[in-house]
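Shared between the two complexes below is chain A, which has chain B as its partner in the first and chain C in the second.
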Partner chain A sequence: MISSLHRILIIGRNTLTEAVRQKVLSVLLVFALIQISSSIFISQLATPDLDAAGLFAEQIKLVKDAGCGAIGLFGFFIALLSTALLIPQELDKRTIYTILAKPVRRAEFLLGKFLGVVLLLALCVALMSLAFAATLYWQESIGLATVEANYGQVGDWQHNAHAREMHDNDVALIIHQVRDPQLVEAIVLIFAKIIMTAVIALLISTFATSWIFTIITTFLVYLIGHGEGMARTYWLAHGAETTIWQSGLIGLIALLIPDMNSFTIVDEILAGHQVPWHDVLNLLCYANVYVIVLLAVSVVIFDYREL
Partner chain B sequence: METSAIAAPPLAVETIGLTKRYPLTWKRKVLVALDHLDLQVRQGEVFGLLGPNGSGKSTTLKLLLGLIVPSEGEARVFGLSPDSLEARNRIGFLPENPYFYAFLNGDETLRFYGKLCGLSGAKLEKRIEELIDLVGLQNGRERPLRSYSKGMLQRIGLAQAMIHDPDLLFLDEPTAGVDPLGSVQIRDLILRLKKMGKTVIFSSHLLEQVQEVADRVAIFSLGKKVLEGSLESLLTVNQSTQVLIPTEMTPQQQDKLRQFIAQGGVDEKEIRFTRPHLSLEQLYLRTVQNQPDVAPKEQSRP
Partner chain C sequence: MNDFPLRLRLRRAALVALLLGLWAPFKVAWEQQISRQQDEIRYHGLVMTRELRDGLGQGLTIGVLSGMRSVVADIIWLNVTTAWENQEWFRMGGLINLCTSLQPRAAVFWDMGGWHLAWNASVAAMHDKDQPNELRRIKASRYWIDQGLDVYKRGIENNPEYWRLWRDTAMLYDQRLKDYPKAAYYYKEASKRPGAPVFLERFPALMYDKYHGNDDQAAYAEWKELWERLTPEEREMKEHWKEKIENNIRELERKLSVPKEKRIFPN
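Up next, the complex of A and B:
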């Protein structure tokens, strides 16, 4: 058991090293970091007729939307590309033969490769989150400096209780918007969604004969996964009208394809609504179960695959 | 006093009716890549698999490595199933035209494969040193594999195949794309492995090389083994005699000798006199190996 885990770790580390040294992924990551940092300019699109603090709160929300959006989007592409190419590259270069000719089980090989992708995605999300945090901090500094400057023009506001209260409220509003602990929840959920995308791509690549098929099919599953929630809502609302075939089909889709729409809870967080950790943990458990089940199915399919 | 017969070494590889079929769904046909192969290779033997492309050599090796599942029959390696970890602990494999992780250098590559085989620490580092020396890759230790020549890739491939000191080596076209000198070095390595008591099963298109190293060969055609045996028994031309005389004979001397042999009842027209020839490989190696070493030496930057 320990040696098995050891082999999975060795293959995982090698996969991570390979991905890190791949230029395409590095370029994608740099692009993501630029996109996140430049979101500060997007924030200038905020409604200009708000007061200073309101304007900055709006701008910070735009930075948060753009930042989380970029992490999700680039994370999705990095997950899709790196996972879809995992098995085909090994087969094309025949490196898989040299590994499986050693005392390594196929399951260990596949899990090791997936571990490498998970580590890569964790690294990418961590780097993008750092860039996001830095951008938010930058936006906060600009906001606070502007508030101070605005009040400075008013004059002796520090001795005016009402003005002082307004100043403190403005500062608190900006700080509250930036240092929102719920952002951690949002990032964790985005990461979970990216990992789910990766595991879907891994499952498809275990039987696909080309990486293009894997990418297209994963993308379709991802889209269906988003539509699935809406379909279920419709089904529940019109339960009496659906036939047994429609119910069966929707049930089957729900079983086979993960409900990606559940992750729109991130939008709730970004909109400033309180989402308890309990709900986040529920969603993480759901994602975890899906990842484990899809990994198990991938291992079984890969075990029977002719190499 | 009669001497007791020496027991044959145990089997390293055995296949019984080993068959691999690939269904060609679109054409509604079945491709038989390997057809009922019965094969026995004993421990310590060097066994050559010969045959044109698509004759079933690589399929045989893949089946013996457990990379593909037989459609019929079975294969045993040291009496074990080929896909068992116990069997793979005793097997080393060099695939045809191997590519390795191009981003790793020579040492990192061997370290990666060594760790997969459970080696670590000083033992692994010592093994890497030994193998780098054995395959002559001192100048490739720090270079990424993407900068390796074909011959260097083949050598690092051999080194990774031997990292865990296996008892049995499968080498799929080990000299493919390698220059004649590198090819001879690989041949010498196979001979050295044989002296170490290792079993080597290899496929090759270079028949002369196979002849130089293999104890036995099997010839494949269209997925079937059509011939098998020791080189001695397969290559000896029966009912004829070759005499090698280390001087050039004049036509008169040849006539006299012809008449003398004909007295023994041999038809004079069947007796031929020829000059022995070097093979092109022998000529090349003699020429290249006698040249002084004029390879450009590495210089340190000023």
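Up next, the complex of A and C:
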């Protein structure tokens, strides 16, 4: 058991090293970092020459949306590319035969590869989150400086109770929105969604013959996953009323495709609403179990694959 | 020779079917539970209607379907700002509706959208140099005020805990529509919401002051309630308020001939 874990870890570490060396992934990461930090300029574009207190909320929302959107989008692309290329590259270079000729089981090979992708994605998300935090801090500094400048023009505002209260409210609003601890929940959920995308790509790549097929199919599953909720609800409520083919198709979507739309609760967090941790944990558990099930299926398929 | 791989394939298919078959019922039940949980806290505001799809266009629809709803809404919001700068009010109204439909729980869209319509568009309509008829200008201005009011009210429906939307609606009734009892109601609701500035507590009663004696009973009830709600320490902390509250209550008690035993200030 321990030696098996050791082998998985070694394959994972090598996969991470190989992935880090890939230029495509580095370029994607650089683009993500640029998009995250440029969100400040986008937020300024949305509220030109206006610095009233209400608009800080809008600016901060734009920075948060753009930042988390970039983490999700680029994370998705990195997950898709890195996972889809895992097995085809090994087959092309014929390194898989060398590895499997050693006392390494196919399951260990696959799990190790997946571990490497998870580590890569964790690294990318951590880097993007750091850039996101720095951008938010920058936005906060701009907001606070503008508040002080605005009140500075009023003159004797410190001696006016209403003005003081308004000032404190504005400052609290900015700080509360920027330093929102719920953003951690948002990033964890985005990470879970990216991992789910990676495991879907891994499963498809275990039986696919080309990486293009894997990428296109995973992308379609990802898109359908956002409508899975609708399909499931319809199937449960009206499944018996439709034809057997319609019911079968919708049922298949409901039974196999993950519900990606559940992860849109990230939007609620970004809009500043409270999302309880137990709801987030429930969703994370769902993602975890889904990943484990798909990994098990991938192992079964890969175990029986002719190489 | 040939049936060996077939047997392997069959065994593989059976195993995969078994794994997925065992998982599928749990998956559906679990997803239903998550969905119910999220519906309870009104997470999913978006229902993809035909109008919404037409308004979004193909590219942005894919954006929404791929879980980038907030980013899509922000991109559309950039167009709202451009439409506002170019004074394209009808286009701006449509885009605001699109943004609020995409993210009904983003209170800032309702807040800003209502302001653009009820204030910016309505003031621009009032000063429209291309319209010589004053009555038509007033009518156009009123149209935009109603549009803004509608946005605020739908915003409140979706974000009842956001005090700014209640305050904005109150301000609209107070400063544009001169409907002071309604303004008082919305100010009062705003003051009850978390994060609302303390000075809002005084505004409902102030609205009845502005009503110029049209409803002294309601004004008295508001001032009295405010006085009783504040602790003695709070009254002292806001000494410049205390005097005003006291004067108003005294005046209304005299005006309404409140029996001495029921007065707050019998002397």
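In the analysis below, the second predicted complex is superposed on the first by the 281 of 307 C-alpha atoms of A that agree within 3 Å, B and C clash if a C-alpha of one lies under 4 Å from a C-alpha of the other, contacts with A are read in each partner's own complex, and residues count from 1 in each chain.
One rule holds in what follows: contacts are C-beta pairs under 8 Å (C-beta built on N, C-alpha and C of every residue); 3 or more make two chains touch, one makes a residue touch a chain.
Predicted model, so just to flag it, every value in this text is computed and none were measured.
J.: Pick one for A:161: touches chain B only (first), chain C only (second), both, or neither.
T.: A:161 sits against chain C, while chain B stays out of touch.
J.: Examine A:226 and indicate which partner it touches, taking first as chain B and second as chain C; both and neither are also allowed.
T.: Only chain C; A:226 stays clear of chain B.
J.: Between chain B (first) and chain C (second), which does A:105 come into contact with in this model arrangement: first, second, both, or neither?
T.: A:105: touches chain B, not chain C.
J.: Which of the two partners, first being chain B and second being chain C, lies in contact with A:261: first, second, both, or neither?
T.: In the superposition, A:261 touches chain C alone.
J.: Once the shared chain is lined up, is A:306 touching chain B (first), chain C (second), both, or neither of them?
T.: A:306: touches chain B and chain C.
J.: Which touches a greater number of chain A residues, chain B or chain C?
T.: Touching more of chain A: C.
J.: Which chain A residues come up in both lists, the one for chain B and the one for chain C?
T.: 304, 306
J.: Inside the complex, what are the residues of chain A that reach chain B?
T.: Touching chain B from chain A are residues 3, 6-7, 10-11, 14, 17-18, 21, 93-95, 97-105, 304, 306-307.
J.: Okay, in this complex, where on chain C does chain A touch?
T.: Counting only chain C, the residues touching chain A are 5, 8-9, 11-12, 15-16, 19-20, 23-24, 26-28, 30-35, 37-38, 41, 43-44, 62, 65-71, 73-74, 77-78, 81, 85, 103, 105-108, 111-112, 115, 164, 195, 197-199, 238, 240.
J.: What does chain B use to touch chain A in their complex?
T.: 62, 65-69, 85, 88-89, 91-93, 95-101, 103-104, 112-113, 115-118, 157, 160-161, 164, 170
J.: Write out the stretch or stretches of chain A touching chain C in their complex.
T.: Residue list for chain A touching chain C: 42, 45-48, 54-55, 57-58, 61-62, 65-66, 68-69, 72-73, 161-162, 165-166, 169, 173, 193, 222-223, 226-229, 232-233, 236, 254-256, 258-268, 270-273, 275, 279, 282-283, 286, 289-290, 293, 296-297, 300-301, 303-304, 306.
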